[in-house]
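Heads up, the thing below is written out as structure tokens.
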Amino acid sequence: MKKIETNLADLKKDIGAFYKPELHHFIVMNAVQSGDKMEVQWFFNDYAYPGETTCFYALISPEEEVPGIKDIVASAWVAEAELVDLMNIKVENTMKGFVLEPDFESGPLLKKK
Amino acid sequence: MNLAPYRKKSPWILHYNAGGCNGCDIEILACLSPKYDIERFGMINTGNPKQSDILLVTGPVTKRSRERLVEIYAQMPEPKVVISCGACASTGGVFRGMYNCEGGVDQFIPVDVYVCGCGTRPEQIIDGVVQALAILEKKTKGLEESVKLKKEAVKEGLQLNRRHIADEIKPVLT
Amino acid sequence: MKTFFNAIGNLFRKPVTTKYPFEQTFKPDDYRGLIGFEESLCIWCRRCEAICPPGAIVFSQDMEGKQTYHYNRAVCIYCGECVRACPKEGALFQTAEPAPCALKAENINNGWNKLFDEAIESRERYAAEKKKKTAEKAAADEAKKAMEEKGGNESKQ
Amino acid sequence: MNDVLIPVLLILLAPLLGGLLYGFERIVKARMQRRIGPPLLQPFYDFLKLADKRRIMVHSTHAFLGIMHFVSLWFALAVLLLGGDLILVIFLHLLSTSLLILAGYSTRSVFSHLGANRAAISVLAYEPVLIIMAVSIFMLNGTFDAAAVFTSKEPLLYKMPLAFIALLLVLPIKLKKSPFDVAEAHQEITGGVELEFSGLFYEAVYTARWLDYIFCYTLVFLFAGNNILLGTGLVIFTFIYLNALDNSTARVSYKQMLRFSLGVAGTLAFINLLLNSLS
Amino acid sequence: MGRQYEIPVGAQHISLLEPLHFKFTTENEKIIRTDANVYYVHRGIEQACCSKFKFRQVSFVVGRVCGLCSISHTTAYSQVAEKLLKIDIPKRAKYLRMLVIELDRIHSHLLCLSHVAENSGFEALFMKTMQYREFSMELLEAVCGNRIQYDFSIVGGVARDLKPEMGQLILQRLKNFMPQLEELVGIYQHNRTLSLKNKGVGVLSKDDAMRLNVVGPLARAAGLAVDVRNETEDLLPWKEVGFEMITDTAGDVHARNMIRLREIYISIRIIQNIINGLPESALVTETKAFPDGEGTVRLEAPRGELFYYAKGNKTQVLERLKIKAPTFSNVAGMVHAFTGNEYGSAAAIIASYDPCLSCTAR
């Protein structure tokens, strides 16, 4: 697995430069708590053999807003909407309530301190 | 004329997945297949709550499908029997205590037969249905109370207001 | 068209249905069925309870320290991990019997929740009791030793 | 005397016969799928069970329309068996179907509306063929009375074979059988117009289906004139044909159904009409 | 401009196996917009896997994520756990895992085909396919001890061994199954009304498949050659047991049926190769280590690419477990491909996606 560090400012630029629809496909978007920071990851994989997984990651603090990559990767909205509900991070123009019922506290996957 | 004996000769089943893995559902589908042909007992899989007698529920009731489950139960005309298929429908199984599901169907609606096993074999489902038929014969047309669904019986002949019930269980849940 | 005549032909073929309740269907002899328990062999290590994913096994304990084994077939997911974890051969074993259905009277869900909590409580109570006993015993020994020493000193003088 | 007694008996026993036919058909269908299938009396068990259910009605008009559907269908059957006017029979039958369609529209359920739509379309698909059939019978016998057909010496089948083929082509629509069962497409609209009925009121719709069987097979029987043997043969042939077709085809969309039934069956019946009128 | 109906399908609907809610906005039965609500089945397994269960129990929990591809989930989790534990498993265990995965693929594909047949109103074909499918269920029950939840892969290897007579039984049943499969192919390919219902319906073009990152048979039917078995060698040796890629170009329901049927042939060949060349070795690699570091695993489930991400912290309980199910990637493509079709064929299209929402929502 190839890990490439990036930050929220030039995230879109990096992914836009990397992602070619005929070469790679977007797998999923993920977030992991590391201390008080949050590590947000974008997984890509290329079609050819041997397929290598490429992971873009950015360390953010929980209240920062992550830029959505819907305009680059058309099918990313599902992953973003899920992550917004489960990890309680902010993604631009993504609403809550896709996964969880309104009568439930958000961010159930966050570790209770 | 006593028509109760004929109930168990033509049970029409309705199947609802309240959020489990599809294991028990495909076993219910396999029950329709020529190998175990449950139409022998006169069963039809009607997709329509208003015409069915037996409700087969699979899966631990997730928070989003709970209201739909109660609505379907309320739409079915009495006498009716509820069968919970599989460990997770009966008691929550491996999903007990997960944040988005209640342990078991009987937290919402009265369950008559619990079919054990994960996943259940079609034979077990058929056994459960056969036991349910014996219960169905003894049932009255009165409404039943559930663990969470505290509600006094509606008068005979009146249609149940399902919205009302669904609203009523909300405070209990949250 | 072929299916059309095939359907007519099926009228004269034998149906493949096995009349289940009256005749048995195919079941392998190593089907993962109910979990059996042999009390005489058990060494009460509670490893099965620790490993069971859904928590279908629980041991309760009375004041004399006698443990009893509780098992709920409606919670069990028949993975067989408890049998694999069991250190004593034959204490826990997996039969080939599919679990029978449970009826309303058994109160298999809420009744089990209650029983589970009670079992845990009973074990805690026993542990606390034991702790108290040992503490008292230790205190008594202390007192005795002190007495003896005191007596020794007196005899010296 | 006899020619009145038999039809009256038939009319009174029509639901019974229809139920038996339906039960038998379910067994045949199961056998065609290599299953055992329900007992022969299963429809009557369903009947008695439905009578026992708690009565829930959407609103009174809906239930009333459902029951009237059954009654008017029985009436149409009676007129047909008593050898009444064929046009009257067909229009009574149309009335009963449209009552059901009205019932479908009178509820708020979307599936019920869709089912009503599709039922209306299927009426559009098979009614022209029936009417053209009646007209060509008129061309042959000079009267619309079914009695004349029942008593005619040589069977209609020899005079109007094309119409019989057309009838065979539209019967699946009428009896809601695959490939033309769009009206109650179970996987798409879960029964369509029957969706909102329950308990005793569903029973009316359920029993009306049995009458439909009798009605259709009587139409088939018409083609044999007074030749009982040929008539029975035709009925058995149609029965086997319908079930085998049901078990060997998928459901087509309602537009394809309309195109097919009006294009092929309608044309056949019309050619037949032309031939009869010219000869 | 006809009247617009809003047709809700689900959460309870006869043509759906599981709670899934589609809202079709139709105009004289032509779908012009689709809204999907796929998270009815969300249970919170990820959270429980990294808080409540020990890492050895998790392989049984993730098996319950989905009943149709439970072996894929357990295998993928076991592989990622082995990556974190830095152990390698015996060759026989790898082969047995592949064997059960392929058997599971056969049963899953046949189930999907029968479901498509039923939803296109062809009840007899549904019955026929279900009847022919039973053999794979019996084989799986004989191999794993349960029809649905196999619990076959555990961390470090497999739970049960394959008896030699069982291998012979499998080969025998497969030989009996071959003519039946031929019959099914004939019907699915040539039946007139079925192709009326399926051809040119629910089309997903290759560009859309690329743009929306579709995986599995859905993508292969559109001509996009994506198959994890073709892309990875290190964990399971797919190539040496005779895997080959199958693609089609039409991208409609009929093409998906054909893809599934032809993949069953490949699976049968793989199973025969595995049983004939089954190596002798131990079944489980024991280890006392605890998971540490992070790793990802991709595996080809019957519905497409299954992706596991795990992070350990040298304790019994994992730090984070992320499951990406095949259908999760296909949701966007599914919603896209409805537009412009008849509502009447929507049920068949849903079935032909073979949606597995309990995987998607977890």
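Chains: A, B, C, D and E, in written order; residue numbering restarts at 1 for each.
The rule is simple: contacts are C-beta pairs under 8 Å (C-beta built on N, C-alpha and C of every residue); 3 or more make two chains touch, one makes a residue touch a chain.
Computed from a predicted structure; not experimentally measured.
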Chains shared as neighbours by chain B and chain D?
C, E
Would you identify the chain whose Cα-based centre sits farthest away from the centre of chain B?
A
Contact-count maximum falls on chain pair B-E
How far is the middle of chain D from the middle of chain E, if each middle is the mean of its Cα atoms, in Å?
43
For the pair chain B and chain C, the C-alpha centroid-to-centroid distance in angstrom is 28
In whole angstrom, what separates the CA-based centres of chain A and chain D?
59
Any chance you could list the residues of chain B touching two or more other chains?
34-35, 37, 40, 46-48, 64, 93-94, 99-100, 118, 121
Taking each residue of chain E in turn, which ones touch at least two of the other chains?
13-15, 39, 42, 44, 47, 60-61, 64, 124-125, 127, 131, 146, 149, 191
Multi-partner residues in chain D (2 or more other chains touched) are 30, 32-37, 186-187, 190, 247-248
Within their complex, state which residues of chain B touch chain D.
3-4, 6-7, 9-10, 12, 34, 37, 39-42, 46-48, 50-51, 53, 77-79, 141, 156-157, 159
Spell out the residues on chain E that touch chain D in their complex, using ranges where they run on.
5-8, 13-15, 29, 117-125, 127-128, 131, 191-194, 196-197, 342-347
Which residues of chain B touch chain E in the complex?
14, 16-27, 29-30, 32-35, 45-49, 59-60, 62, 64-65, 68, 72, 88, 93-95, 97-101, 118-119, 121
Given the complex with chain D, which residues does chain C contribute to the contact?
1, 3-8, 10-11, 13, 15-17, 19
Applying the document's contact rule, which stretches of chain D touch chain C when the two form their complex?
28, 30-37, 240, 243-245, 247-248
